[in-house]
Amino acid sequence: MTSQIRGVIPPLAIPLKDGELDVASLERHINRLIAAGLHGLFVSGSTGEVAFSTTERRAQIQREVVRIVDGRVPLLVGVIDTETERVLDNIRAVEAVGGAAGVVATAPFYALGGETEIERHLRILAESTDLELWAYDIPVCVHTKLSPDLLLRLGRDGVLAGVKDSSGDDVSFRWLARANEAAGRPLRLLTGHEVVVDGAYMSGADGSVPGLANVDPEGYVRQWQAYERRDWEAVRTEQDRLADLMRIVQVKGVQGFGAGVGAFKTALHLLGVFDSSEMPRPVGALEGDNVEHVASVLRTVGLLS
Amino acid sequence: MTSQIRGVIPPLAIPLKDGELDVASLERHINRLIAAGLHGLFVSGSTGEVAFSTTERRAQIQREVVRIVDGRVPLLVGVIDTETERVLDNIRAVEAVGGAAGVVATAPFYALGGETEIERHLRILAESTDLELWAYDIPVCVHTKLSPDLLLRLGRDGVLAGVKDSSGDDVSFRWLARANEAAGRPLRLLTGHEVVVDGAYMSGADGSVPGLANVDPEGYVRQWQAYERRDWEAVRTEQDRLADLMRIVQVKGVQGFGAGVGAFKTALHLLGVFDSSEMPRPVGALEGDNVEHVASVLRTVGLLS
Amino acid sequence: MTSQIRGVIPPLAIPLKDGELDVASLERHINRLIAAGLHGLFVSGSTGEVAFSTTERRAQIQREVVRIVDGRVPLLVGVIDTETERVLDNIRAVEAVGGAAGVVATAPFYALGGETEIERHLRILAESTDLELWAYDIPVCVHTKLSPDLLLRLGRDGVLAGVKDSSGDDVSFRWLARANEAAGRPLRLLTGHEVVVDGAYMSGADGSVPGLANVDPEGYVRQWQAYERRDWEAVRTEQDRLADLMRIVQVKGVQGFGAGVGAFKTALHLLGVFDSSEMPRPVGALEGDNVEHVASVLRTVGLLS
Amino acid sequence: MTSQIRGVIPPLAIPLKDGELDVASLERHINRLIAAGLHGLFVSGSTGEVAFSTTERRAQIQREVVRIVDGRVPLLVGVIDTETERVLDNIRAVEAVGGAAGVVATAPFYALGGETEIERHLRILAESTDLELWAYDIPVCVHTKLSPDLLLRLGRDGVLAGVKDSSGDDVSFRWLARANEAAGRPLRLLTGHEVVVDGAYMSGADGSVPGLANVDPEGYVRQWQAYERRDWEAVRTEQDRLADLMRIVQVKGVQGFGAGVGAFKTALHLLGVFDSSEMPRPVGALEGDNVEHVASVLRTVGLLS
């Protein structure tokens, strides 16, 4: 019953052209990722602009990804929305398109509540579908931290298949990993923090969901392989390089999504994978010195000549 | 060009029965509000469970409200969603149903950004519709405060018709009111803080959007009328009574929406307006001692015998 | 047993010269405040740079203020420090200097705790002294909000004589005022929010502690007198003017204490009350355009020609 | 010029008896730590109840520690206070007692400011003393995060000898470590997060300041030795054990310092090192089930039979 998903599962960045999905770039991007040896894809995550995509656009993205991937790697699909009924609608939409191994949901957001409501929310979602349910712990977006106790309880009860941890709370992650270990590992634990994946592997993570793997999939795959053979010096050396690469997000005058995903798309454009670095409205693409900054970092780590 | 909306505009609480909209209770509720002399209704606000309602449910609520109100008071309708394209879809849905004077949007949420993105967001929304656009300043839900400078600039430019302020920042509200006054009052300013509406009226607010007016519409109408004739002692005496009534939300073991809107629905059920105090999933209705607490407060202020 | 302190009690701004207390400016400043009719002084508050003053400096300031005031108005003195034993040392120092009607303490800060620790802290302080103990509710500095329930309980038990509320939470303040009223008014309630004192008076405040009264004491005294005779239109008109004056703090490139107290000192220097606008290390005085901004606001409201 | 301090440097927990320093327990405690092979001590840190200690008590603690340690390991001493002049007083007091290799200061707290003030603050401190100046990055107490850029600049300029990072931001720590490496390692970087020291070692930390090392010094020393010989499997296995031990802090009904340091003292009392688990006022010692919880965890990891 344990999920088969482990390894490096990037949250897929989405190429746009004039506000539309750029399918040609998407195809190039996915094929490059799979060629690099990635173990799965997370579609419609935060990086995958789930918050910016209409219901139709989410379905279109899933459809195209399923077609392009064609079963080569498993897919997780984000069903992120404010509250239960809206997430249920999203789950039904994901099922209608088909091709997903699991869905990924956050704690409810916008309306405030407590852990009781979060637990009910996740239990209702799990009961509604045969797909794996993954919890997405991302307080920077939903302003609630999922507690290790809650996650483990839901893992033991078969509600959750796994957790994508983007909480930035490595102490909590370690305790969750320890408790999961003691309980027979009902949960798959993936980290979303691309700069310190090595620390998460030390904690016993089952893999990573690094946004930066959109830019350098080989690096994260090499790191995973080193982890699999317990070559920790290789794990950390690779991480140092990837931490240096992550400096592409340190742009000026732009914050949050526009800086982070903006830098990923700019890098993919500079690398010739995306035809454009276009961002979803109301966010602007990086410009001028910020593009030069991204290029400079890419050159420093040897990805651009 | 100035909006005609002023006075007391409650955010409509929504009666449910077995997960469905309870139209009979809704009809009773709206007719009671209008009979009390309220000046408009805010449909699908935070209190109006916008975050819990699917796209279909939002349209159904709007349809029924428009039918019941039948033009007796103007309607604002919430189009709250994470980012621009999703809000645009919501605006088109509100237009399709018809009957609204304006739509109400928040800053983008879930994905982080800065003021540049918020400004673009609101400008794009305004360009897409002939309905009035109102800004909803509710950092407790969207985790960004709209700055007075931004709001005034958008008011002057005709982007915004008004602001519903639920920021809890009365200093900022005063400065916004002063700047709006100096600019010839392009914006209508409504406060959402039912416990200190008198302070907002001192600041020059054009009205209020008190969730508690679902429970005691007459109180807020009397207060507004006293304000209109500058009878400040009556304004504050009424406010003291309403502040005491607001203690219905001080329940135990429940937080946020479940406590606040839970208490409103419980009170409306106790008052015989709603057939039930049912809450949208995953939130539970208040129970046991918490119901007794609400009843006790209602008795203290003379609403229940 | 109720405190005699009510009315306008400004937190005294402190003139410096080459890092030393500028006694001549202090004398001019205090005499101007008392001439304007203020009802007391709060020495060594946040505005009064308590956080920047060594133990010796705090005693020196208190000594000079006591000498200059010479019993004309009552004094509250801040004993602000991280935890109980340190505050007790400060209380003993205030008693040693003499001349204070009461001491003002915050919740413990730096080390985290809960309400249990805050309650014990305040009870220990009260038992140690015959001076009035005032609670200073200032979460922006100590990162804990004092709950109305706790404050009222400590008022009823004779632990606290009053509260200086700088919490920015006007809903909580209203509830505290209502509960205090119902309990026979054991607490004196003063607001620290100079921009919305009128709202606090609507809530039943016993006075205000406006930093801005250092700059325009007459305005706050006129407002208090209007409140005493329930001339609410005068209360709010005066508040509008003071809200406009408070724009002196809206400077560029400086945040927090440096902006707020920096603007007060700059204004007092421009008005000829302080010989300099010097700030305590490591904070710099306002310069260039920021000084011009302060002057411009002073001219707009008619304090500078 | 690089600091000689590296390895495991615990923040010394302080035994109390009837509110006084329990010198006999302190002697036992320090000798046990040094016997375990620890590489230095951090006196008057957050764990070392700096916020609860009067000026006299801080000096007394330093005096006794210096006497007991007698030069066997180097000492860092906390000079934590709200703003510059107060910290300077503390530095002079530390110098007067003597025996310290360096002093440890945080960003200013209580009064708000920006990075400009923090930088000035640290530069003024460094100019005032020949002791090493260490920055203590602890936003949970001072509510400001020290940026990697600032820290590195101050390291390069010889202002700072090192950083104790208790920020919980492992991404920022990695970037700081990378930048420090590129700059020739002017800074010593120690982590304060006892549950994930292995991750910090992966990032290239020069050591750790684990509060939990008060309880199990041998574990942290073994981990450091494994790190020194790059035996990463041993590093992480030891960390897993220490993460399990850290569960002593997961007590009920107590928060923050009372839970964390309360658990350390309770464990030291159970282990026979401290004569009592007494806490500084206003904090209470752990009681009843919480003591049993601590004992149970100690037994689970084999420290108690």
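The letters A, B, C and D name the chains in turn, as written, and every chain counts its residues from 1.
FYI, a contact is a pair of C-beta atoms (placed from the backbone, for glycine too) under 8 Å apart; a residue touches a chain by one contact, two chains touch by 3 or more.
These numbers were taken from a predicted model, which means no experiment stands behind them.
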Count of contact steps on the shortest path from chain B to chain C: 1
Touching both chain C and chain D (chains): none
Relative orientation of copies chain A and chain D, as a Cα rotation angle in degrees, nearest 5: 180
Self-contact between copies chain A and chain B, residue sets same or different by half: same
Chain of greatest Cα-centre distance to chain C: A
Mean-CA-position distance for chain B and chain A (Å): 35
Approximate Å spacing (C-alpha centroids) for the pair chain A, chain C: 49
Contacts with two or more other chains, residues of chain A listed in rising order: none
Category of the chain touch graph - line, ring, star, complete, other: ring
Touching chain combinations (by label order): A-B, A-D, B-C, C-D
Chain A residues touching chain D - in the complex, by the definition given at the top: 168-171, 174-175, 178, 193, 195-196, 198-200, 202-204, 230, 232-233, 235-236, 239-240, 243-244, 247
Complex contact set, residues of chain B against chain A: 46, 49, 51-55, 57, 80, 82-86, 89, 108-114, 116-118, 120-121, 124, 140-143, 254-258, 280-284
